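These are the structures, in structure tokens.
Two complexes come next, and they have one chain in common, subunit A, joined by subunit B in the first and subunit C in the second.
Up next is the complex of A and B:
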């Protein structure tokens, strides 16, 4: 594929150099992510190799301290709430966008995609000042609303992508056969676009579960999330418990990546 | 067909509009909930933040009597006796409900050092002998300075352009007109420049690293490529915090990277990578590389390899075939990926805060500090205004280049 059957020595050297370069770049991308894994089972509180011995003590510290457990719980509650909200509204919006009759399409698209480009600090500061006036600052509702807004473009994009493969005639056929629009959506359209909906939901979930900046501005100690707990740890007292938390978060990402990939190949 | 026929016939057009009204309403109704959510969770908050760049009632609320006195005293910069007495009464009243601290803060941000003057005057106020021009000037000659009164005069008007000008290192001069702030006080142009330079550097590095890899992924047979793409997507899916944590561990003075460099003999001593520009660039490049690479890859995959073979068989040398056949076709992907990375880099906040040093803080870090530490909301709003303006302009360019939403990055 890379080499022609008549490759000269120079060609071979070039291809080898390219492969070596790409190998280094891939290593740069992937290896650093796995650095916390061995350190998280290190018996000593050092960040250096070789390891002093094997121990689960840092996992014990993360999973059995109230602070970390509360942070994980808050993150899960917020991420599930934000995912449900953004997936429901995002799927509806994608179906609406799919209609050629939608008025003011450009303006609507601009609003729907805005969360992707607005710097997150501006979103966070704006929400902080605005929600304080509505009494939504330092509430789970406020954080879920803000996270759902930021996560929704992913759902709109993935569901829109699966709708391009959906034949509108199927929906009309269901209506002609006497199904109400909601039934036709639930029984005909939703099963066919489900991979897109679920992979959008996975994106929204990861986005909210990892989100730090908005949580930092909106949350008080009662809503402290896992990323906030990690941020404080990285900033103030660098403890190996961070590497255990990082490994746990990364495992979740890998599982969701594999799920999303399976869904995508089904599409 | 009906659409074109309708365009020619107005009565038919009206009939089509009537017949499709239900569909239009249904489509709008489906989009409406999400638009409403985004208006509430994004548009209104941002609008209320940006509004604070122009509207600041601190001084008008804190010094109502002074504002009234100055409204009728439009003579010289330093006003007559009535305004002095009003200022004295305002400061004495403010001490009771802590507004004086906000007034002091306001003056201090524009005229550094004036906080203590305001607090001293407020604390020196006595109920039995209200301040007059003479007693205020005797207590502190600061109140006789034209600069002081110039700031009070512009401050008591709630609508102001002071902060927006300050965000680009400009100010209203006491002599009238707009001029640069005193040397040593202007920092924002430097910070914007730093943010743009770091964003440009990260964009360039990710392009150099990502372009060959994207080409390899687009050229390799499907199964191998899809495995390798997973390796690119893995960091893309991993939390920024996790990756920053990994780099924090790696880049320590006694961390793995220094061990590796010493072992390879590249360096003779341990280098500092944390809390400086090098570490920040490494960590940001790592986070942004997939964002630059994936749009390039998605365009490269659509290019038929036989085109290059055709160019070779027509006698083109590899370099000219690449420059004249391949590159023009992948340019939309390259521009898209680079712009995406550049736009995202402008808003970086977590990585500079954790990996960068004090000289590597970007504009978002200053916005956050103005909200959390200095409590100077109008200044945060003005910096946000400029950052958002730059980001939206570039995003429009991005949408124009790649045709909005057609880039598939996942």
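Up next is the complex of A and C:
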């Protein structure tokens, strides 16, 4: 495909160089992600290749020990809460930002997007200092709120993208047909921008499920999340269980992002 | 307004604009000083070039825009604070605005279901509405599977199914090809008559306006320049803009030489003298615009008659049932003439043009913006 049927030697060299370059980039960017996968089924408690033998024992540990199970449960609760919140808020924001009558749209958008640009540590420290005053530190509510803040921009982006394909005349048509604005939103606008809403939700979920820094600042042992458990595990006792947990998390993220991608390309 | 007779007259107004201004930016007025009655049962067309305020007017009636000043009344009640969903108005949009995620039947059912009509009744009325537009067979399809004309008929069914008091149409046929457009014009007109609808129709296509309307309001620069029945607008335009916008007209600037016996003697450039009927207050010495339609001009056999002058045929356009001549008169202006198809007129042949003074209107020449005057012949 890259080569024409009448390729000269120089063409062949060029294409080869391009492929080699791409290969190297992919190797350095993507390969590290898959390193834990073989280690997670290693029969021995060592982080070394070659593998000693095949075993599900680390998966067994992750899925059956109380510590890991609690962490997974906490992460799910927080991620689901944060996803619901950021999807709702992000969708509302995107719909509002889509209105040509809204003044200072660009400024508002920039503020909403800030969590994507500001270093996470800053967000985390800020959230900690602020929420501690309000008594929200070391609570699920606090972590959910903070994660929703970071997740909402994704929803704003994906829903805004969906809205660029949405014909405003449809909303007007619904209104003149007798639908109240909320009914018009629910029955006409929402079904048509749903792919954007769901793919934003997937991003928000993955973002919260993988999040470590904010959780570290805001969570106590009672709210320990899966990434925190892995991090603690790394520091305290280097157990291959974290490679199993990492593989599980990665699988979930990949599945969700594929779903998000499918949803976005559909329409 | 004395030319607003016919169906538009009287107190039977379904909708009424009273001194309505609309500004989007607080400075320029998109609509200004609009006072307009929509009579019950009439087909009123808002006609004008783009940016003339006709769509803004329609959107204010629908409730999508609020007047900056003035009041709109529906059935005698002010509706300035009434949102679109409480106005009980049906509307057909330019690009149909059918809900793409719903079937044809669900689209038509939408206005009924948001009104909480019972399921059984919805099914019946949807069926009836689809029968009205002859698309019962398509109930289960998606709008995107239909042709443009079919989609427009579905949009029509959706706008009529809840028996609204008023139906608005915003350039509904703009996206259709010529043949289908003409067919739909007749179809909409027949529906209007059969169902006794009150329709406010927006278009920039003057022939569409003439074909369909009981009355036409000609919008120009945010104002209604003339309101009247189609023949009235065609035969007795009150401004050069209306004369040029409705149908075709030869428009030329001249000076009033004298007024006598209900006629004005007008001097055109190059010393050409023309007798015309004043269509407004004229004074001797004032500038004027004269208008004479191509079909009012004929080829004279001999010189000396009223408004008879020599011309040279510069171009001939054959149109089947008639032909159009572009002729150059002595001051080099091009005059368009409509003559029977059989008329023999050779290229560059000298002929005599003539038209009756009664068919030649002389307007006071205030406001020549957007008026296309006849131009001089240029040899290419």
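In this section, the second predicted complex is superposed on the first by the 260 of 267 C-alpha atoms of A that agree within 3 Å, B and C clash if a C-alpha of one lies under 4 Å from a C-alpha of the other, contacts with A are read in each partner's own complex, and residues count from 1 in each chain.
Operating definition for what follows: a residue touches a chain if its C-beta (ideal position, glycine included) is under 8 Å from a C-beta of that chain, and two chains touch if they have at least 3 such contacts.
Just so you know, these numbers come straight off a predicted model, no measurement behind them.
*Asks:* In the superposed arrangement, which partner chain does A:60 touch: subunit B (first), subunit C (second), both, or neither?
*Replies:* neither
*Asks:* So in the superposed three-chain picture, is A:213 touching just subunit B, just subunit C, both, or none of them (first/second/both/neither)?
*Replies:* So A:213 only meets subunit B here.
*Asks:* If we overlay the two complexes on their shared chain A, which of subunit B and subunit C does A:44 touch? Say first, second, both or neither.
*Replies:* neither
*Asks:* So, does A:170 touch the first partner subunit B, the second partner subunit C, both, or neither?
*Replies:* second
*Asks:* Please tell me which partner, subunit B or subunit C, touches more residues of subunit A.
*Replies:* Residues of subunit A touched, subunit B against subunit C: more for B.
*Asks:* State which residues of subunit A lie in both footprints, the one left by subunit B and the one left by subunit C.
*Replies:* Looking at subunit A, the two contact sets intersect at 181.
*Asks:* Looking at the complex, which residues from subunit A come into contact with subunit B?
*Replies:* It is residues 1-2, 18-19, 21-22, 25-26, 28-30, 32-33, 35-36, 39, 47-49, 85, 89-90, 92-93, 95-97, 99, 101-103, 108-109, 111-115, 117-123, 125-131, 133, 145-146, 148-150, 152, 156-158, 160-161, 181, 203, 206, 209-210, 212-213, 217, 227, 230-231, 234-235, 238, 242-243, 246, 249-250, 253-254, 256-257, 261 of subunit A that touch subunit B.
*Asks:* Once bound in the complex, which stretches of subunit B touch subunit A?
*Replies:* Residue list for subunit B touching subunit A: 20, 23-24, 26-35, 37-49, 52, 209-210, 212-213, 216, 219-221, 228, 230-235, 237-250, 252, 254-256, 259, 286, 289-290, 343, 346-347, 349-350, 353-354, 364, 367-368, 371, 377, 380, 384, 387-388, 391-392, 395, 398, 404-405, 408, 410.
*Asks:* So in the complex, which bits of subunit C are touching subunit A?
*Replies:* Touching subunit A from subunit C are residues 62-64, 83-91, 93-95, 97-101, 110-111, 114-115, 158, 162, 168.
*Asks:* In the complex formed with subunit C, which residues of subunit A make contact?
*Replies:* Per the stated touch rule, the residues are 167, 169-170, 172-181, 183-184, 187-188, 191-192.
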